[in-house]
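These notes concern the structure reproduced below.
Which chain is which? They are A, B and C, in the order written, and residues in each are numbered from 1.
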C-alpha cells in the first residue's frame, strides 16, 4: 500500500463508514454482553477475577511433571496441566511424523500389498472421529495383562494395564544447573551454526557451521562434569501393590498418545504422498539410472526435494494435534483442559476466567508455531539456494 | 504436468498377465517378497478375525446382552435401540418428520452436489436447513418437539450441515475481509479467523454450555442445542474462510480487470465474476472442511447433547448392555467412516475434475 | 447478493429457534399428545410463585437428570427414561398435572447442571447432586431435601486381603474426575499421612471398566455406585466394600433460589412419598385407603380433608396422584435400586426412622 493520507488508507468515505460501523457494532455488542454478564454474575453470587489462582486447589493430579501437592495453588494446577498437554503433544508429534512418513512412502511404493495396507490405514484413520478412536485405544490399553501377570522383568520395564513402567533418568543436586546449562549451550550452538551457514552461503567464507556444535558438545560435557554428574537411572521393580521406581506411562496417556499419533499420522501420510508425487518423476529415474538403490534414491534425491512441499502443511497438522490433545478430557488424562477447564472450573465456578486462560494457552501455542514456521520458511529459502 | 502424466500412464502401459503383475507389484525384490509374505499373513489374520467377530459369530437381535450367546459381536445393542440411534428420543408417532427434515436437508445440499444449477439455487441451502429445523421443532404449526428429544445420527447430520451451510456465507465475508485493503476490516477478519482456529473446539463447546448463558439477559433462555449450533457455525466459518481464500487466490487477476473493463462495479465484479469462480475452485476444500466438521459433531456428547456417540454411551450405561463398549464404538466408527469416506472420495473426484477444467485456461493448446 | 440474504437467514433462524422451550412443549416419547398451549417465556428469576406458573403454562415440567447413571437415570431400549431420580420427576409431574408423563427430561453434564438450573433451562434438578454449603449458598441455588443418603466408600478385591482403608497405603485408586469424590479422597489420605496413586477416569463406566480389568487396586465412589458396580462384576463375591464411609453425600433435588413456593412443592413431593410409606399407603392400596381410611393424617395426605394441596398451590389430591402414579418412597426405592432391582442395594440409612433398623428417612407431619 502507498503512503497516502489517512482517508486514502481507510479506503475513502465509504471505507471509513464501513469500518466505523464495524467498530461501533463490536463496541455495542461488547457493552451489551458484559452488562448482561455483570448482572448475571452478581445475581448468582459467582466470584470474579483471577484471585482464585492463589487459592489452594485441594485435589490431586494423577500425572505431574513438576512437583505438585493438593495443597498447591490453582496457578500450579495450570502449570501441571499445561506441561501434561505439552508432553502428550510433543510425544504425538514425533510418532505421528514417523508413522506419517512411513505410511506416505508406502502409499507410493511399488509393492501392491504395501500400498494396500497404507491405504487401508489412512482411509480408516482419517475418516473416523478422533474421540471414538481415543475410546477404542483406551479400551485396548485396558486389555493388557493386570500387574500379577505383567509382561517384563524387574529392573527393565513392565507392560501392564496400569500402564507402562520404564526406566527413568534420575536427577539430583545440581541437576537443574546441568540441564539448563546444556539447553543454553545447545540453543546457542543452533543459532551460531545457522549464522555461520548463512555467512558461508552468502559470502562463501567463514568457519564451518559444525564448529558451533563442537563447542556445544564440550559445553554440555563441562556442565555435567562441573556439577558432579548428577544423573542416574531409576529402574522399575515390583513392590507393594504394584511397581515402584522408573517412569510410569498411564493407560490414558498411552491411549491418547497412540490415537493422536495414528490419527494425525494419516493426514501427514497424505501430505508426504503429495510431496513425493510432486517431485518430478524424472528425478527418481535419473537417480536409479546412476545406480542409486531404491532406499538411496528416496533418502538422497526424492525426500530432500519433497520436504519443501511437505513442511508447511505439516506445521498446521502439529498444531491440530496439539489442539486435539484436549480430547484427553474424555478418558481422564490430566491435560490442561481436564484439570483446569474441568476440575478447577467445577470447584471455583469461575467459567469465564478458567476457560479464557485455557484458550489463551492454545492461542499462544499456535502463535509460536506460526512464528517458528515463518522463521523456518525464511531459513529453507536460504538453504534452497545453490551452494 | 505430472498429474496428466500419471493419469495417462496406465493406458499407455502394456497389459500385464497376472503373473507379470505380481512380479512387478508383489515380488519385485527379495525385500519386497519378504514384506509381501509378512504383510499378507498379518493382514489376512486381522481381516479374518474381524470378520469372524463382527459377522460370522455375531448376534443381531435381542432385548439385552443375555440374548447374545454366540461369542461374537452383540449387535443387539444397536438393533434394540435403532430408533434412538437414528433419531434420539424423537416421539415415535412423529418419525415421519425426521424423514421429511432429512429430505429438506438433501434439498439444501443439492445445489452444492449438482454444480451446474443457476447461482440463485444457493439460496436453497439456508432455506432447506431452516425448514428442516422448523419441521423438527414444530414452529407453532406442528406439535412442538423440544430439542432435548432430538438425537442420534439425525443430529450429527443436522448440526454438521447447518454449521457448514451457515458458516459458508460468513466464511466468504471473512475471506474477503482478510484480503481487503481496509485495515480495520482486515485486522478484524484475521483476528477472528486466527483466534477461532487457534483454540480447540471443545473449549468453545464448554463456552456455549457454561459461559454463553451468562452473557444473555436474565430470563432469556437460548436453547442448548441452538447455542451449540451457533458456536459450531462460528467455529467452522473460520475454516470455511481459509478454504474460500484459497479459491479467491487462484482466480486470475485478468478476470477482475476484464470485468472492470466491461464496466461492472465492484459489487458486480465480485458477485458475478470472482466469487462464482472462487467457490467453484474451493468446493473440494469446502467439502473437506465439512468432513472435519461432521467428525467433530461426535464431540457434542461432552456437553450432554445426545448425538449418536452420546446415545450409544447411554446404552452402555444401561444394565442390559453393560460392557459392550467394543460393539458400541465400532458401530459409531463405522457410521462415520461410511459417511466421511464416501464424501472424501467425492471431493477427490471433484478436485480432479476442477483440475482438468482449469487446465486448458493455463495451457494453450 | 445471496450471501447477504443467507446471513440474514442465519440470524432469522437463530432468533426463531431461540426459544423452543417457550413454545408449546412436545409430547414425551411414550405418550404422543398433541397440545397447543400459548407460549410462556422463561421464568422471571426469583419471583415468588413464578416457576409454578411457568410450568403450568408450559403444561410440562422440565427436569434436569444425569446423562446416564445406572439405577438413577437412564433411558431404556424404548427410549423411556427410568431410574430413582427420574421417578421423582414423574411424581412431581403427577402432583402438578395429574399426569406422570407431563415431564421432559433434560440430560445434563455435571459441569453445566447448576448453570442449567439458575438460567431457568430446567425447573428442577434431580441429578444425584450432593447438598453442600457452598452449593446451597453460592450459585443462587437452593436444595429441597435429600432423596438418597449416600457416602463415599471403597471397594477392593478380596484377594488383596485388605480390611480397612488405612491398609491402602501406596495403592492405585480409581476415581472419577471433577467430583467431590476426588477432593474427599485427597483430603482423607492426606489427613492420615497415606500415599496413593489416583487413576483418574472421566465417567462411571470407565471407572467400572478400569476396576474390572484390575487397572487399579481399589475403586472409590459413592457406596450406592460401588454396590451397583459389584453386582455387574463377573464374580461379585470376590469383592468387598470396606467398612469406612469417608464422606457424607446427601443427594437431593435443587431449585433456583428465590421461589420458596416452588421449593416447597419439590420438598413436599419427596415428603409425600416418605410419609406414605410411614402410613403404609402403597400404589396398590391407595384408592382403598383414600375411600376407607379413618386415620386423620392419611386422610389429610390423600386430600380427603384439610385442603393441604391448595396451600402448596396444587390441587388437594396432589399426594394421592403421586402415590397412584409412582408409589411410596419404599416402592420407588425397591423398583429402581433396591433388592428386586439389578442394583440390589440395601435400604441401610435410607430406611424409615421408625423401622427395626432405623434410618434417616423422616417426613414432617402433614397438618
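Here are some notes:
The criterion applied here is as follows: a residue touches a chain if its C-beta (ideal position, glycine included) is under 8 Å from a C-beta of that chain, and two chains touch if they have at least 3 such contacts.
What you are looking at is a predicted structure, and each value in this text was computed from that prediction instead of being measured.
Between the interfaces A-C and A-B, more contacting C-beta pairs are found at A-B. Comparing chain C-alpha centroids with the centroid of the full set of protein C-alpha atoms picks out B as the closest. Rounded to whole angstrom units, the spacing between the C-alpha centres of chain B and chain C is 37. Mean C-alpha position of chain A lies 42 Å from that of chain C. Centre-to-centre separation of chain A and chain B, using mean CA positions: 26 Å.
Taken residue by residue, chain B touches two or more other chains at 206, 210, 213-214, 216, 218, 302, 325, whereas all remaining positions touch fewer. Residue positions of chain A with contacts to 2 or more other chains are 43, 139, 329-330, 345, 351. Of all residues in chain C, those that touch two or more other chains are 45, 111, 115, 209. Chain B makes touch with chain A in their complex at residues 1-2, 5-6, 24-26, 28-29, 32, 35-36, 39-40, 43, 181-185, 188, 194-195, 197-203, 206-207, 210-211, 213-218, 291, 295-296, 298-299, 302, 309, 325-326, 329-330, 332-333, 336-337, 340-341, 344.
Only residues 1, 9-11, 15, 18-19, 22-23, 26, 33, 36-37, 39-41, 43, 110-114, 116-117, 123-124, 126-133, 135-136, 139, 277-278, 280-281, 294, 319, 323-324, 326-327, 329-330, 337, 341, 345, 351-352, 355, 358-359, 362-363, 365-367 of chain A touch chain B when the two sit together in their complex.
Against chain C, the residues of chain B that register as touching in their complex are 63, 80-81, 83-84, 89-94, 119-120, 122-123, 125-127, 129-130, 133-134, 137-140, 143-149, 166, 168-170, 172-173, 206, 209-210, 213-214, 216, 218-224, 226, 229-230, 233, 271, 275, 301-304, 306, 310, 313-314, 316-320, 322-323, 325. Those residues of chain A that touch chain C in the complex are listed here as 43-46, 58-62, 70-71, 138-139, 142-143, 146-148, 161-162, 240-242, 250-252, 329-334, 338, 342-343, 345-347, 349, 351. Of all the residues in chain C, the ones that touch chain B in their complex are 1-7, 9-10, 12-14, 16-30, 32, 34-36, 39, 41-45, 67-70, 74-77, 79, 104-109, 111-112, 115-116, 119-121, 203-205, 208-209, 212, 232, 342.
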